[in-house]
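There are structures below to look over.
Paired with subunit B in one complex and with subunit C in the other, subunit A is shared by the two complexes that follow.
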Partner chain A sequence: MSYKAVIIGGSAGSFQVITKILANLPAGFDIPIFLCLHRLKHVRTGFEEALSIKSTLPIIEPYDKQHIRPGKIYLAPANYHMYMELGNTFSLSTEPPVNHSRPSIDLSFFSAAYTYKNKLVGIILSGANKDGALGLKQIKLAGGVAIVQSPDECQVKTMPTAAMAATSVDYVYTTDQIISFLKRI
Partner chain B sequence: MEEINNIGIIEYRNIIKAISDNYGIDFSHKSFTAFVRSIERAMVLNNIRSTESLISTLTTNKNFIHRFISDISIEETEMFRDPNLWIELRDNIIPQYVKKGSNIWVPEVTSGDELITLAIVLKELGMLEHVRITATCFGRNQVDIIKEAAFPIKKMEINIANFNRYSSSSKFSEYYEERNNRAYFDHELLRGVNVKQFEFITDEPPQNNHLVLYRNKMIYYNKRMQNSIMSKITDSMSIGSIFICGVKENLESSNNEKSFLLINENESIYKKTN
Partner chain C sequence: MLSKEEITLFINVVKKISTYDFSDYSERSFARRIDKILSDNRMELPALISKVKSSPEFLEKVVKDITVNTTELFRDPSTWQALRFRVLNKFENQSVINIWHAGCSTGQEVYSMLILLNEMGLFEKANVFATDLNTDVLNVAKKGEYKYRFNIDYLDNFDKVINENPFNYEDVVNVPYTKYFQVDQNKDLLKMNDFLVNKPLFRKQDLINDGNIFYTKFDLILCRNVLIYFNHELQTRIFEMFHQNLFAKGYLVLGAHESMLGPVAAKYKRKGLFYVKK
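Moving on to the complex of A and B:
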């Protein structure tokens, strides 16, 4: 596998898409996947459990400085920004919200782009604001692969459309095409 | 929003070296990404456009460092963050572990949201006047900021929502008044609090603590510094006392883990056992 990590950002309308992707990943998928999804700040529990129901791989909300392991899905915790640092560890942060969001997709994407450079796949799914657009641009500038969910398929197309305006994405994919892509890498 | 990580690793090290050489302050133990963002924020606030210019300002203008330290500090997010923790403190932890005459330490206070929250919880329990609270902060400018206890009005919406989830018998509005787009909290809340400057590497912590509230601050340090900070905190605590960190911080794989028993996993509440 030539990639070292996948990072996915989503907001309104992305939950079913994420669930479908996680249910269809091969059990032997051997790089980490980071999920940065907009969620209610004050609801700490339930999301990880809901995503776990159909996922083939374990889902973890990391603690600060937890090691990043292959074959695990990491979900940004409520009310923290999630950074992937050099040296394969997470750092969490309580800096102010970015794009009204904490966790912010842009911030997670920026740190992943810096750490994984051209070994990273970034995916933006359905969502109602522009968070993630600059993050996907940064992934592209660092040599990574930029994918957006096809706006035609999105419940809310603002987020992928903003990403497409910010950078020239590599692929515009339906959910099924995203799954096939992830199975191939 | 500016794109982050424009500061590369070499520039980052040069900035840290300039601060260390000129002021003897060591920032080499900070968590990388968040600290890069803090430096970039300070640069924007001070209209400094390049890292060379930042280093030059730090080197030539000796008063700038206080402003810089203030600008890189990360404000606490909100009052009553994680309402369940404060409910647990009110209903179980304080009644059981905090007595008249107990010492409480709140290290690395920045904007003071957590300190005000703690003071309100203690006041409601009738304990505020019977405990000794020490609040320490890193920067010189922060002592006055904390004592002023004034918060931007725009932060009050979330504070009020959290306070309602905490479901107190009192009204939140009893604790502050609004003037000039700020909420000024009752200075009685902090009257007995000793607010002072403190640096983990060089200073001696307050001793004999029965409760240490240190939430979402360790995240800004690397693992090695976290260990060193936890050693100082552990040594400052009495046996049977309580340590609380952020809900996504823990003492797993910390050098000091063996000194503690995790008594509430959801809220990251530890009891010092030896």
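Moving on to the complex of A and C:
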């Protein structure tokens, strides 16, 4: 496999897309996937469980300094920013929200772009703000692959559209195309 | 983002000209803080480096901006509910309870603790100490005054912790928040009542270099979302220091997504959200 990690950012309208992607990943998928999803401020628990129901791979809300392992899905915990450090560990942060969001997709994407460079796939899904646009640009600058969910298919297309305006993305994919891309890598 | 080499360069300069040592901070998280400072000041790294070299005042400001100072009243209400019904009640028969908030920032959790202690009838016998590296946030903490508008959650959190019992849903009381703080919507102000403000001892302290600056051990140490900015090695040193300064069976309370890894964890027994000194 030529990639070392996948990072996915999503907001309004992305929950069903994520659920479908996670349900269709091959059981032997052997790199980590990072999920940075906006959620309602008061919905701090239960999200991990809801995503786990259909996922083929285990979903974990990481603790600070937890090791990153292949074949696991890591969900940014509520009310923390999530960074991927060199040496395969997470660090968390409670600094103020960025783009009104904590976790912020941009901040997670920035750290992943630095740590995984051209071995990273970044995906932006449906969402109602611009978080993730600069992050996807950074992934592209570091040599990684930039994908957005097709705005035509999105419940809310602001987020992928903003990402497309910020950088020249490699692929504009429907959910099914994202799944088949992930199966191929 | 700044590279590891650029970050190392910055850290080495600061180490040379001051007593501040950021070598053991989480690298990407630290890089983000410096990126933020650069963009807030519309500067590139070389300019930042030369300005901290030439201006001690600017260096102090940068150090304050590096540290993260977010906190809330009763942040993570379930943690505070567990503190109330599973931890603080264990100290009821003691004549004195010593509590240290390490890295207290602007003090919201110190006041959360005082409110809880008062509701449990433990206020008078508690000694509450609170420390932070940053004197600006300590000054806010000492005043006990906060913005109201962005903190409306505080009232919900207050009700969850003070007026509800998750272990017995029939046990509902109706303590008004005005018993502890006043809200002035016109002035956008939430102000703690004087009897709370006058109680704790706030002190400047550097967790890394100073250790315990009070001449006592503690029944309870709260250090929430502070050590996440340090790497594993430095976290371990601080966990050792806390261990030396807890009474036997004393409790350490970390943030909701913090944990203790490696051999130091064997010195504590994990009880749900809490670590108890063995």
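Just so it is clear, the second predicted complex is superposed on the first by the 184 of 185 C-alpha atoms of A that agree within 3 Å, B and C clash if a C-alpha of one lies under 4 Å from a C-alpha of the other, contacts with A are read in each partner's own complex, and residues count from 1 in each chain.
What we mean here is this: a residue touches a chain if its C-beta (ideal position, glycine included) is under 8 Å from a C-beta of that chain, and two chains touch if they have at least 3 such contacts.
Since the structure is predicted, the reported quantities are computational estimates derived from the model, not experimental observations.
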Clash-or-fit label for the pair subunit B, subunit C on subunit A: clash
Partner chain in contact with A:Ser93 - subunit B first, subunit C second, else both or neither: both
Which superposed partner A:Leu134 touches (first subunit B, second subunit C, both, neither): first
Which superposed partner A:Asp106 touches (first subunit B, second subunit C, both, neither): first
Contact residues of subunit A, present in both the subunit B and the subunit C interface: 41, 61-65, 77, 79-80, 83, 85-86, 89, 91-96, 107, 110-111, 113-114, 138
Subunit A partner contacts - residues on subunit C that touch it in the complex: 1, 3-4, 26-29, 31-33, 35-36, 68, 70, 153, 225, 227-229, 231-232, 235, 255-259, 261
Residue numbers on subunit A that touch subunit B, as the complex places them: 41-42, 44-45, 61-65, 77, 79-80, 83, 85-86, 89, 91-96, 98-99, 102, 106-107, 110-111, 113-114, 134, 137-138
Subunit A-touching residues of subunit B, taken from the complex the two chains share: 1, 3-5, 31-34, 37, 74-77, 81-83, 158, 161-162, 165, 216, 218-220, 222-223, 226, 246-250, 252, 266
Of all residues in subunit A, those that touch subunit C in their complex: 41, 61-66, 77, 79-81, 83-86, 89, 91-96, 107, 110-111, 113-115, 138
